[in-house]
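Take a look at the structures below.
Heads up, the next two complexes both have chain A, just with different partners, chain B and then chain C.
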Partner chain A sequence: MGEGSTRFKRSLLEFWRTFRANKLGLLGAFLVMTTVIAAILAPALTPYQPTDIMRDAAGHPLTFASPAVHGPLGTDDAGRDVWTELIYGARISLTVGFLAGFIAMVVGSLFGITAGYYGGGIDNALMRTTDVLLVIPDLPLILVLVATLRQMQLHVSPLVVLIFVIGLLYWTSTARLIRSQVLTIKERQFVARARAIGAGDNYIIRKHILPQIMPLIVANTVLIISTAILVESGLAFLGLGDPTQPSWGTILNFAFDRNAITNGAWWFYLPPGLAIVWVSLGCVLLGNVLEEMLNPRLTGHHLEGGEKMVAVQKQDREHERASA
Partner chain B sequence: MSEPLLSIRRLTAEFTLQQRGAPDRVARALEDVSFDMLPGQTVGLVGESGCGKTTTLLAAMRLLPANGRITSGEVRYKGKDLLTLSEREMREYRWKEMSIVFQGAMNALNPVMKVGDQIAEAITLHHLMDRQQVEARVIELLELVGIPRSRRDQYPHQYSGGMRQRAMIAMALACKPSLLFADEPTTALDVMIQAQVLELLRHIQQTLGLAIVLVTHDLGVVAEVCDSVVVMYGGKVAECGTADQIYNHAQHPYTQRLLASFPDLERPGMQLASIPGTPPRLTELPSGCRFSPRCDVKLDLCMEVDPPAVKLEEGHVAACHLRRGKEARSA
Partner chain C sequence: MSRRDYLLRKLGFSLMTVVIVLVINFVLFRILPGDPVRAVIGRNVRISPEVQQALRVQFGLDKPVFPDQFLDTVGQWARGNLGISWSLRRPVKDILLAKLVNTVILIGLGQIFAIVLGVVLGLLAGWKRKSAVDVSALTFSLIAWAVPTFWLGIILLAAGSSWLGLPTGGIVSPANVSKPLYAVLPDLGRHLILPTLTLTILYLGEYMLIMRSSILEVLGEDYILTAKAKGMSQWQVLMRHGLKNAMLPIVTLIALNLGFTVSGAIYIETVFSYDGLGKLFQDALTKQDYPLLQGAFLLLAVSVILANMSADVLYTYLDPRVKAN
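Up next is the complex of A and B:
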């Protein structure tokens, strides 16, 4: 047991060492992590609630106060603290992004693996479904779907509707990507070997195909999360968000509706916009670097990794000495 | 005579070749392949590329690729016809009863799985032992094939070619099968490693008493390690018999030419013979005997009628019109 955990620790350490060397990956991780931490620690980072209204000495709401007058980022049209709104909004944006990304990953992987592995009629049916979804323009479809679902009085938060609609529409590229990988992997001889040792389809998919495409899935998920955050922001900006749980897109919508631009209140509309760029850029950088790293075929070949090879030989020698 | 371990009877298999814009073509990869083997025996399967050696092995394990199909015949293992089993029942036979060392060990190992885990896989898949026992067994197997235990947690790309091949053999032995199919275990290895791998196979056979079907191009290897030999040509068995019958009393013209095309150490400097022409395409088989277009002693009959397998002596069968009338009367 102990041996297993040290082995795990060692591989984690190795992962970190490779990761640290990649500046872009570090930047991506930094951007994503700061946002996640800010979202989690939101109550500790601000003394206010997002609904609290700032007042001046006379008790009047402090509307459109510039950062010079109030707090780090000023106030909005109703006198609410923009910094507070921003970090509480991060919670909403990230939640929608992560959950929708996760749903898209699960659906896309299931479709991709099933279509690629079983082939034939199943492949055809699944891929034609994917094609249909792929050619419908995203935004109009989502607008119609979200609006229709809202009308249906489902008694769920509009955010839940958003999560499912985004998650169930943005899996198509994942599915195609994964299918193409599965198609090449299932023809490899080690799959034939697995079948020869008596493995069934489920076992082969779990043990031999999934680990091979896992890097792809992980990297793709991070990229899809960024798409999901962007789409959510767009929808919220168009007024399809939940006004009681404002995300960054909702804040932008408010700013736009309440003439923040004509009032010159840049502190109202710039921060949420930059936050969206911040986290989606982080996801993209992180996703690309993760894909490069999690693929064992791209690391340490025994002819290249001089240092690694020496270490292994040292181990061998130590082992021989121990057994002698 | 004891019960044969594996008895292949008139096994016929075909591949459907799809081509865009053209009608599907059928390649008859195996036709009426029959041979027997006893427990603990080594059978050599020889022939040119594309003559159906690998297909025979895959068909016997029912592992033909999706476009391949066994159309008729029997594969009797310990008296049970494997072709009548369900896929689930067949899985129980794979690896526990018969295992295979694939051609080209690099491709047969999963590049992202530790070698030790891949060996353990077969054992855990058949629920034969608990975890500690599996670990012990993996180490035991690695040491049996001469791989230090410190290499257990390495990935295939960290192994040399010979080590990978030996790891494959270790893997094949994991569930103590009674029958091992070795599909050109020595191709792509240098001569020293070839000798090591063959020595290993022989050692394993002697200590574990398992039967081996050895597919190879190398007739020298066959002479050295095999009890009996099956010579295949164009998806059919041209001749089969004991090593002595084949090497010293070959009856089929193809076997004779094949033997003549190997260098003889006792007569250095002699011109090597080769067989003119190329093996037949399996989609466009000649009428009559498949070897007839390349045969220098053919009769008119050979180009019209496919010769049936003729039993010449106990255990010696050849499919050639020239040998008809010489059947063993005892049969």
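Up next is the complex of A and C:
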């Protein structure tokens, strides 16, 4: 037990050392962490509530006030503080993104492991399902689904509907990735040995396959979260969010509907979009770097030359050059 | 596998996908609360139970849902009868057909610009790997991926209308609505600039990346080495052997991207109040006009599936490796 944990600690340390050398990965982690911290500390970062209405000396609502009049980000059409809406919106956007990403990860991993490990008919059915989901245009499908679910009057928050619809539609890439990894791992000797001494399927999956693919699942989840945040923002912009719990997409929906553009209120429509770019870019950078470090299949082309055979080092050099 | 088998398999898959879309469309419409009869005759009409029952028989609603009603409905769809829009009180088919052209123009222009630019820039990036062009191309596609489509539209709309005086939305200016098409072409062009630009930026990154990676792959092939050994110049190798083979994935991507393209059109038409299928979809959603929503979904999904199938067929003609088999 003690030896196992030192070995785990050592490999974690090694991972951190490689990761630390990767500037893009660090940038990604920074972008994601700042957003998460802002969301958690929201009440400490602003004196207002997102629903509070700013008023001028005469008591009239301070509508469309520029950052010069009311700092740091001005007010919206109703006189609410945009900075406050922004950091409270982070809570909604991140919650939906993380939960939807988590659902997609669980569903995708379950399908991927089952298909890769058992093969045959299950595998075939799964691959055809992902093929079908790839071909059907996703946004129209989501819109029709959400519209129907709303009409059914399920008495659940629109956010819950969004979380499940996004989570249950965006698992296919995870499933395919996991499946291909499981296919190679199950042919390895240690799996054959485990089976020879009488280990059952469940045991092999839990003790031998899952630990091998877990890092890859984590990396992929980070990527899915960025997709989920982007999709959520779009759906909320189209009016499918919860107006009482505005995410960044909902704020942009308000800004667009209430003529922030024609009023020149850039402080109303720029910050939420920048926030979406900030966090989704962070997730993509972080996820890509993690995947490059952890996915053995992403090595360079074999004709590219010997020095590039080690993927991690190659990526490091490329990124250093890119950031230089 | 012979080419015939390959095509048959693709055809079978597309048919199966269409059937799945039909089932989704049918099921979603039928689990909506409320009686379809009410939906057909309008929401606020009072009619006696006897007449309602007669209508139910007339529309086949007294028969079992599956397979009778399902096959009946699919038969109606196949004949182009998609029902009557609740909000516009006109046949859904007519409304869809009227908007289709506008969307095809917008998507077509955006795709053409994105493909041409993407192929050229991707080629340069892959050829001069790790050069300034390559690094900027990669950075661009990374950031373009993280920017929400509709927000890019909002920014271009705000910038273009205030700095360049471009129109803020619609297809033609209000004064030109009733004039014939040739008279309003310049006006139409001005209205198309911003939405097309948004779509081009949106699609560009992916074409660039695919072109880059496929040219990198092709340049590693043995026949490139052979061509170099024959004494062809770098440029000749790139044009005669590299480009042609590297273009293959682009064909697949165009079709595979069509679903993504359609999503982009919904956002952009909404932002620019562009009178096409995407805005229609959004309007139908806001007004809870289910027949219109279902009809639009059916049209979009089936077109995307058919486009994918066409790309598969086209591919067998373009790729000599598939042809040889």
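Going forward, the second predicted complex is superposed on the first by the 273 of 324 C-alpha atoms of A that agree within 3 Å, B and C clash if a C-alpha of one lies under 4 Å from a C-alpha of the other, contacts with A are read in each partner's own complex, and residues count from 1 in each chain.
We adopt the following convention: a contact is a pair of C-beta atoms (placed from the backbone, for glycine too) under 8 Å apart; a residue touches a chain by one contact, two chains touch by 3 or more.
Predicted model only: the values in this text are computed from it and were never measured.
Student: Residues of chain A touched by chain B versus by chain C: which partner has the larger set?
Tutor: Touched residues of chain A are more numerous for C.
Student: For A:A147, is the partner it touches chain B (first), chain C (second), both, or none of the two (neither)?
Tutor: Only chain C is touched by A:A147; chain B is not.
Student: First (chain B), second (chain C), both or neither: which does A:I136 touch?
Tutor: In the superposition, A:I136 touches chain C alone.
Student: Can A:F190 be said to touch chain B (first), chain C (second), both, or neither?
Tutor: first
Student: Taking the superposition as given, does A:F268 touch the first partner, chain B, the second, chain C, both, or neither?
Tutor: In the superposed model, A:F268 contacts neither chain B nor chain C.
Student: Touching A:P211, do we find chain B (first), chain C (second), both, or neither?
Tutor: The answer is first: A:P211 touches chain B but not chain C.
Student: Should A:G200 be classified as contacting the first partner (chain B), the second (chain C), both, or neither?
Tutor: A:G200: touches chain B, not chain C.
Student: Take the contacts of chain A with chain B and those with chain C, and give the residues found in both.
Tutor: In chain A, residues 301 are touched by chain B and also by chain C.
Student: Across the complex, what residues on chain A touch chain C?
Tutor: Where chain A meets chain C, its residues are 128, 131-132, 134-141, 143-145, 147-148, 151-153, 226, 230, 233-234, 237-240, 249, 252, 255-256, 261-262, 264, 266, 269-270, 272-273, 276-277, 280-281, 284-285, 301, 303-304, 318, 321-322.
Student: Looking at the complex, which residues from chain B come into contact with chain A?
Tutor: Touching chain A from chain B are residues 61, 63, 66, 88, 91-96, 99-100, 102, 104, 107-113, 121-122, 125-126, 148-151, 153-155, 157-158, 171, 174-175.
Student: Per the contact definition, I'd like the list of chain C residues that touch chain A in the complex.
Tutor: On the chain C side, the touching residues are 13, 16-17, 20-21, 24-25, 28-29, 31-33, 130, 135, 138-139, 142-143, 145-151, 154-155, 157-158, 161-162, 168, 216-217, 220, 256, 258-260, 262-263, 266-267, 270-271, 281-282, 285-286, 288, 290, 293-294, 296-297, 300-301, 304-305, 308.
Student: Flag every residue of chain A that touches chain B in the complex, lowest number first.
Tutor: 7, 119, 188-190, 192-200, 203, 207-208, 211-212, 296-297, 301-302, 312, 315-316, 319-320
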